[in-house]
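In order of appearance the chains are A, B, C and D, and numbering begins at 1 in each one.
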Amino acid sequence: MCGIFGVRGNPQAAELVHLGLYSLQHRGQESSGIVTVDDAGRAHSVRAMGLVSEGLAESEMPELTGSVGIGHTRYSTAGSSVIANAQPVVASVRGGAVALAHNGNLTNATELRRELEDTGAIFSSTMDSEVIVHRIARSTAERPELRLAEALTGVEGAYSLLVLIGDTLLAARDPRGWRPLVMGRLGDSIVFGSESCALDIIGAQPEREVEPGEIVVVDREGVRTGARLEASESRRCVFEYVYFARPDSRVFGGSVDRARRSLGRRLAKEHPAPNADLVFSVPDSSNSAALGFAEESGLPYELALIRNHYVGRTFIQPTQGARDAKVRVKYNAVREVLDGKRVVMVDDSIVRGTTTRGLVAMVRAAGAKEVHMRVSSAPVTGPCYYGIDTPTREELIAANLTIPQIAEHLGVDSLGYLSLDGMLQSVPDGPHGFCHACFSGDYPTAPPTDPDKLRAGCGC
Amino acid sequence: MCGIFGVRGNPQAAELVHLGLYSLQHRGQESSGIVTVDDAGRAHSVRAMGLVSEGLAESEMPELTGSVGIGHTRYSTAGSSVIANAQPVVASVRGGAVALAHNGNLTNATELRRELEDTGAIFSSTMDSEVIVHRIARSTAERPELRLAEALTGVEGAYSLLVLIGDTLLAARDPRGWRPLVMGRLGDSIVFGSESCALDIIGAQPEREVEPGEIVVVDREGVRTGARLEASESRRCVFEYVYFARPDSRVFGGSVDRARRSLGRRLAKEHPAPNADLVFSVPDSSNSAALGFAEESGLPYELALIRNHYVGRTFIQPTQGARDAKVRVKYNAVREVLDGKRVVMVDDSIVRGTTTRGLVAMVRAAGAKEVHMRVSSAPVTGPCYYGIDTPTREELIAANLTIPQIAEHLGVDSLGYLSLDGMLQSVPDGPHGFCHACFSGDYPTAPPTDPDKLRAGCGC
Amino acid sequence: MCGIFGVRGNPQAAELVHLGLYSLQHRGQESSGIVTVDDAGRAHSVRAMGLVSEGLAESEMPELTGSVGIGHTRYSTAGSSVIANAQPVVASVRGGAVALAHNGNLTNATELRRELEDTGAIFSSTMDSEVIVHRIARSTAERPELRLAEALTGVEGAYSLLVLIGDTLLAARDPRGWRPLVMGRLGDSIVFGSESCALDIIGAQPEREVEPGEIVVVDREGVRTGARLEASESRRCVFEYVYFARPDSRVFGGSVDRARRSLGRRLAKEHPAPNADLVFSVPDSSNSAALGFAEESGLPYELALIRNHYVGRTFIQPTQGARDAKVRVKYNAVREVLDGKRVVMVDDSIVRGTTTRGLVAMVRAAGAKEVHMRVSSAPVTGPCYYGIDTPTREELIAANLTIPQIAEHLGVDSLGYLSLDGMLQSVPDGPHGFCHACFSGDYPTAPPTDPDKLRAGCGC
Amino acid sequence: MCGIFGVRGNPQAAELVHLGLYSLQHRGQESSGIVTVDDAGRAHSVRAMGLVSEGLAESEMPELTGSVGIGHTRYSTAGSSVIANAQPVVASVRGGAVALAHNGNLTNATELRRELEDTGAIFSSTMDSEVIVHRIARSTAERPELRLAEALTGVEGAYSLLVLIGDTLLAARDPRGWRPLVMGRLGDSIVFGSESCALDIIGAQPEREVEPGEIVVVDREGVRTGARLEASESRRCVFEYVYFARPDSRVFGGSVDRARRSLGRRLAKEHPAPNADLVFSVPDSSNSAALGFAEESGLPYELALIRNHYVGRTFIQPTQGARDAKVRVKYNAVREVLDGKRVVMVDDSIVRGTTTRGLVAMVRAAGAKEVHMRVSSAPVTGPCYYGIDTPTREELIAANLTIPQIAEHLGVDSLGYLSLDGMLQSVPDGPHGFCHACFSGDYPTAPPTDPDKLRAGCGC
C-alpha cells in the first residue's frame, strides 16, 4: 500500500508535501520521496528508505524549490525493498520533467511492460508504475491531461495517481476507484491526499474525492476536470474502511471512524457474547470497532492491551524460544483488567492468525477465563491484486481452515466474523460499489498473469 | 526521567536487557546503553543517542558477552544531549569494573561533586550519577553491597539504581522511594526493571518492589537483601501513577491502569459536566482516566483525537505560521465525533498549556460547541527536583495564572483540576507516603543549591 | 574523467571488479559502482558516492553474484555530483538487463537525446551515456555485438565502453580511440580496464588494447572481435600520457613512465636551466618528468615538495586569509633542500595557475633564490570536449595571458613550456594520431552545441 | 604512535588545531580529537574514529569556541580501537577542566594505575595517559605548571604532552626526550606540534624544541619555562629520523630529509652494489634514503614502484589466494624500469618482512634479473616500549633469522642492513643521546611489567 500527496500553487510546496506524508505514514513505511518542479521547469527530488522522519530531512526541503510538488510513502513488501523502487518516479521526457506517485496495483503491468520493451523502452525499476511514465512519454498529445488520458487508456487495475508534467499537477483515479484520493484547498493552493487526514495536518479544507475515472488538472489557469476515462462500475476497496485508512480520515466520502463504529455495532448484533464481562480492542486500528461492539452490546469497554509505539521495524529475535515473544515486544496485557474475566477481544481482521494467536495466549496468561474473539470483517480468503499486500492463499488462515478450526488454532472460546453482507451494509454508501474480492473471491478483473512478479515489484 | 533494567544469571543477558529497554522507552528517548560483565570480569558496553531501536543494534548484542547486565534509557533534556551523558556509567576501579544505571535526581550532587574534586577525583560527564561511582571507588569496604551502602550514605535525593560491581548485580532505592523498581524472576535468573511491563516483555514473573532504602544483592550465592540505608518517610512520586508509568505496569505495588481509572472517576465526581454529550481523552496517556470519567459520569466514551505515532523527535517547523501547526503534526480531531457536540476533554496534567491550547482550538475547529476541560491531577505549580524534567516555575501555567485565567487562556468553557486530596486518595495505597511537591510545594528535601546545573546535567 | 573495468568468466567477478576499481581511483573519485549478471540473467548492482573504499563495502561483494561484471569510477565535476549520475547505468530492456560503463564524452549527446525524447524515451539521469543505453534498447538486431554496433552508429565523440547485454560482456572504443582500454587474461577469464595497472592489481596478463572502432565480444563461445565501426583517423588523448594515467600503466600500447621521462628530457633540451642548482617535481604526477629533466640536464634530482596524502576531498577553508593556505594543506616545502638554491620546478601542466602560484610562493618562502618553472606539456589554451574536465577558456591561464605574463603572475624567474611538437614527438608512437585539441585548438569534431550542459551532466 | 598539536592566543584555535592534525595524520590514523577551552573556562571537545578528514568535520570547529586548544591523532593498534581510547582525554577536576594529549608510552603505568585505583580513582579508558590526568587532579599545587610537574614526578617512560588546565596551555617532554615536540609562533599565538610540518601548515614560525624534562607554560602572562623535571640522559628515538617523521619536518632540531639522505649515503658506503643498474625506493618513506644511496653510489635513481594512495585502511581479502595480493593493492611495479635489470631496492626498515617479500616477488615478476635489498637502518630485534607499535619479538624477522636466512626468505640476491654505528653517526647530532633499544636491546628503562596490556591499551 502507499500514500500520495500533492500541492500546487504554494511557495512552500515541499514543506507541505513533507507534512502531508507524515500523516500518510501508516499507508507505507518502507521508503518515501518528494519531487517539486520550479518555475524554470526543473525537477528537484529526494527519495530515501525508511520513515519520513528518518529519510527525508526537513533541512533538505528548501532545496526542493518550486510551488508544485508531489510525494509518496511506500509499503514494505518482501524482496523489493530497494531505493530504486522508491517513488515518486521522476524522468526527463520530451518537453521536460515528468514525476509520478502511484497508489494501487496494475493487473496488466507485465503485458504493458513487455509491449514497451519490445519497442525499445528501458526500465530503471521493477515497479508497475514505471509503465505509466513510459506511456506518458510516448503520447503524442500536447495538453498534459490528454497525455495522461492517452497513457492510461488500456491500463488495467488500481491506480490513484498524482502526476507532474512540467509544472502541471494532475490527479487521476482508475474508473473503478479502488483507492481513495481527496482534493482540497489551502488558501489559493490546490491539495490532494490519499486521505483527508493529510489535508488536516496542513490546515487545508477537504472539498471532494477525485471521482473514479476522472483526471483533474491544476495549472496556471486553475483547477478543472481535464478528462474522463471510460466509465466502469465503482469498486472502492472496503478494506480501507475496515483497516487501512486512519480513523480520523474521510475516504470515499465517508468517515472511517463512523464506518468502524458501525461495523462494531453490527458485529455485536451478528455475534453477541451475552455472558461476557467486558470488551476490548487490539489497538489501535480496532479501537472504533470495539467501541461500537461495546455500545451495541452494553458491555463495558476496557483498555486491556497496551501497544508499544517505540518498536522499530527491524525484526526482533525471540530470545526465549517462546511462541509469543514477537507479540510481547509490541503488546502487553493489563492483568488488572483481565484477571478472572470473560472477555470479548475485537480485531478488524485476521490474515495469517499468528499475531492473534499470540495475543490470545497473552490475554489468557493475564488471567482471562474466557476469550471470545470477534472480527469486524469477513474471513480473508484470497489475495488482493489491487494494492494491499496480502500474502498468498497458502498463508491465509481462512482460506485453509474452517471457522471452528480457526477458533481452535487461535485458542479462543468462541469466534465470530462479521458476515460479508453485514460488512458491506455497515460501511458508508454501501452495500454496493465496493471491491470485496479478498473476502468473496469476486475479482473485478482478470487476475494478473504473473502475480508473484507483481507482488515482488509492484508500484504499491 | 529514565528507565533502568538489569538481569543476572542468564547467558542471554544482553538480549534480555535490550528487550527490557524497549518496554521502558517511554521513560527516556534521548539515549540508551547496555553494559554486561563476563565470567572473566571484563565489562562490555554500548551506548548510543536516540531510541533503542535506532541506537542499539541487535547485531551488537552477541558481543556483549556475560550472564549479568544492566541497561538504561535516558530522557531528553535541553542542553545536555551528548553521548558523554548516556548511561550506564562504566568505569574501572580497584577490584575491577563498575557500572551504574540511575533513575532519579540527587539534590546534593553539587556539594558531593565539589567534595570529590577537592580530593582529586576526575569527572567525565556532567551527570550527578557519576558521584555515586566515585564514592563506590573510594569505599574501603570489601563486599559489594557494603561498598554501595557506604557510597550512598550522605547522598540526598531520588535514586533507583542498578549497579554492577564486577559480576555482582546490586539494586537499590533511596530511603524515600521516589522512583519505582520492580524485581522478578525468569527461570533461575533475577530481573529488575523500573516498571513491571519490562518484566512482562521477557516473560518474567514480577515478585515485589525493591523496598525504599533496601540494597538487594544478586551474586553467585543467590539473591538477598544485602543492606538497608537509614530509614526515612516514604515519598513515592505520585506523578508515576498520574502520567509517567505505562498503564500496563504495576509500580509501587499498584496497577497504573487502576490508578488512572480511579483518578478519572474521582475527577467526574469533583468536576462533573452534566450537560455534556460525550467524553474523550488526549491519547494515549489519558485514556484510562477518560474511561474512568465516562464510567462515573455515564457519558459515552469517544475517540475524538487520533495521535500520529510516526512523528519523529525532530522539531517540525510550522510552515504556515499557524499557532497549532505543531499540534497538528501529532494529533488530529475526528469531526464526525465532535461536530455540534458539548464535549469533555480529559488530560492527565497541564504543564505549560501550549499543547492543550492547540488541541482545544483543533477540537473547536472540528465543530465542538462546548469544550469542558478536565484534568486528572492537581495544578502543577512547582518544579520537580527528583527526576521529572518539569520546566522552571516561570513556564508552569498554573504557577502563574488562576484557574479562571487558565480556562480563558486555553479557550475552554469550563476547567476542572482534580484536587490534591482527591488525587492522593485515588491512587493505590494512598493518600500517605507520596511526594506531591510539584503540586503542593511540600518538598521533602532542601532544594538543590544549583537547580539549573542539575537540570542541565542530571543523571536522569 | 572516469575509469572502467570488466571481467567475464570468473566466479569472483564482483571482487575482481572491486579490486580493479581501486587501481583506477585516480581517474575518478566522485562516485563508483559495480554491476554483475548472474547465470539466471539477473543484474545485481551497487553504486555509491565517494571513493571505492568509502562507498563500496567489500562485504557487499558476495551479494553481487555472477561470473560477469563491470565497474566504473567517476570524476568529480561541479554541479552534477548526485547518485543518479553514478555509473554503471543499469536498465531492463527487451531481452533482459543492460549495463554500461563509459569513459569519455559524446559531442552530439544533446541532439541524440532530443531525438530519443521526441520518440518517447524517458531519461533517469543527465548523463550523455544514457543515450547509448536507449539506442541499444531500440536496436532490432539480435546478437549483442550488433545491437551495440547499431547503437553506436551516429554517436559522435569519445567513448571507451564496457557493456553487459545479459551475460555477454562487450568492450568498445570510438573510432578515434580517444580513451584507452586494455584487454587481458586472468586464467580463463577475460578482463578489461582503462589502464594496465588495473590488470596488474588482480594479477592478470595484459594482451592488447581494444582497437579504435572495435567491438570485442566475450560470451560463452569465447572472446572475439564482434564488429568494427566505420574507421576514422586515430586521435588518442595525449593528456593521458602527460598527466592522467598512472605511471605504472601502459596505455595506447606505450609506457606512461617512459613517456613522461621522455617528455622531461625533451623539456630539458628545449628549456635548459644552466645555472640552476637542482631540479624537483610537483609530486606525484610530475615525478617521472622531473627525473627525465634531471637526467638530461645533469642537475641533481631532489625531493623538495612533500605531498600530504591524507587530505580529504572536502574543501578546507583557509583560516588565515593567506593566499596559499589551500596549497599548504596539500603540500609542504623542505627548507633544507631549497634554502639559498636556484631551483627548477617541474610540473606536468598548468591549468588555472592557482596551485602553481601558491607552490612558487611556498618554495620561495623556504629560501629558494631563483625559481625556474618548467612544464612538460604545451600551454593549455582550450577546453576538452572528450572527457577531461578542463575549465572554460576564461579560466585557462594560457588562453588569457602571454608566457611572460604567466611567468610574472606565477612569480617565477623563468618559465618554459614544452612545445607542441616536442610533446608529440616524445610520447610513444608519436607524433601522429593524437588529439591535442586543448593545446592546439585543432578539434577533431565539431564542438558540442551545448558544451555547458555537457560539462554539467556528462558521462565522464 | 601519535601526533599532538596545541595553540594558545588565537580566536581560531580549533581551526588551527584541525589543520595541524591534518599534517600529523601520518603519526596516527585510528582516531583523532580536539579540545578547546573558552574564556569562561568551559571545555569543548570532539573525538571521532578514523582520519581527521573523516571524523572531525570542519563544520564542527565553530562550536569549539575559545582561543586555546589541543588536538591528537592516534595510531591504530590491535584490539583497543574504541572511541573511549581517543584523545585528548578531557575531565572536570577541582578548579575546572583538564585536557591532555599524549605521544609516547609510560613504562610504569600499570603500577601507577594500581596505586590510583587503590586510593579510589575511577578510570574511563584503558590508556596509560589517563593516570597523568588523575595525578594532576590529585596535586595540591596551585599553579598549573607545578600541578603538572608534581603529577609527572615518578612517571617513567616516554611522553611528549600538551595539557590544558583551565585556559593555561602546558607542553612537556619526559627527561629523556624520546618523542619530539616543536614550539613556534603564529603572530602573537604560541603553537606546539609533534613535528615542524604541523607549524608549516598554518604558516607558523618554528622556534625551538621543548627541551627534555622541560615544562613550558603559556598563559595570560605569556610563554616561559615553568618547571624542569629531574634531568636524565637524552634518549631521542632514532626511528623518528629513520621512518616515522615526515621528511619535510625538523625534529630534535634536525632535518628529517637530510637525516635520511645521510643514512642512504652511508648505506651505499657500507653495502655497495657495484654491478647494479639502478636504485629505487619503496615509496614514500624511503625516497630520501634511496636518493642518498643513488647519490653516493652513482647509480641512477628510478621510480620503479608506484603506491596507490586511495587504498582505505580496511583490510582487503586476497581474492586469488596469491601471497602477494595484499601488496598488489597498495603497490605496483613499473615493468619498463625493471625489465632485465639488476636493481637495488632501498627500504627504511624491515619489521615482519611480509610486505618486503611481496614487493620482491612483484619486482621480479616485472622482469628484474637481480634484486639487491638495502635497508637504511639496523635490524629490528626487539619491541619498542616507548611509543612505536612494533610487534612482539616472535614476529620480528630479524629477531628470529640470521641475515642470510632473511635474504633467502625475502628472495633477494643480496641484503645489506645499515650498521647500528653507521645509523647513529648519520643522523643529526648523533651518535650519542639516542634510544636504539629496538635495534640494540639497550633499553633505557626497565621494561613494563605488563607489556601486553600496555600495547593493548596504551596512550599511543
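Worth a mention:
Convention: a contact is a pair of C-beta atoms (placed from the backbone, for glycine too) under 8 Å apart; a residue touches a chain by one contact, two chains touch by 3 or more.
As the structure is a computational prediction, the values presented were derived from the model and not from experiment.
Considering the contact criterion stated above, no chain is in touch with chain A and with chain C alike. Greatest Cα centroid separation from chain A: this falls to D. As a whole-number value, the distance joining the C-alpha centres of chain B and chain C reads 61 Å. With centres taken as mean Cα positions, chain D sits 36 Å from chain C. Averaged C-alpha coordinates give centres for chain B and chain D that are 49 Å from one another.
The multi-chain contact residues of chain B, meaning those touching 2 or more other chains, do not exist; every residue touches at most one other chain. By the document's touch criterion, interfaces exist between A-B, A-C, B-D, C-D.
In the complex of the two chains, the chain B residues touching chain D come out as 90-95, 98, 117-124, 126, 133-134, 137-138. Residues 12, 15-16, 19, 22-23, 25-26, 29, 51-54, 58, 186, 197, 200-203, 246-248, 255, 257-258, 284, 287-288, 291, 295, 300-303, 306, 308-312, 314, 316-317, 319-320, 322, 325, 328-329, 332-337 of chain B touch chain A in their complex.
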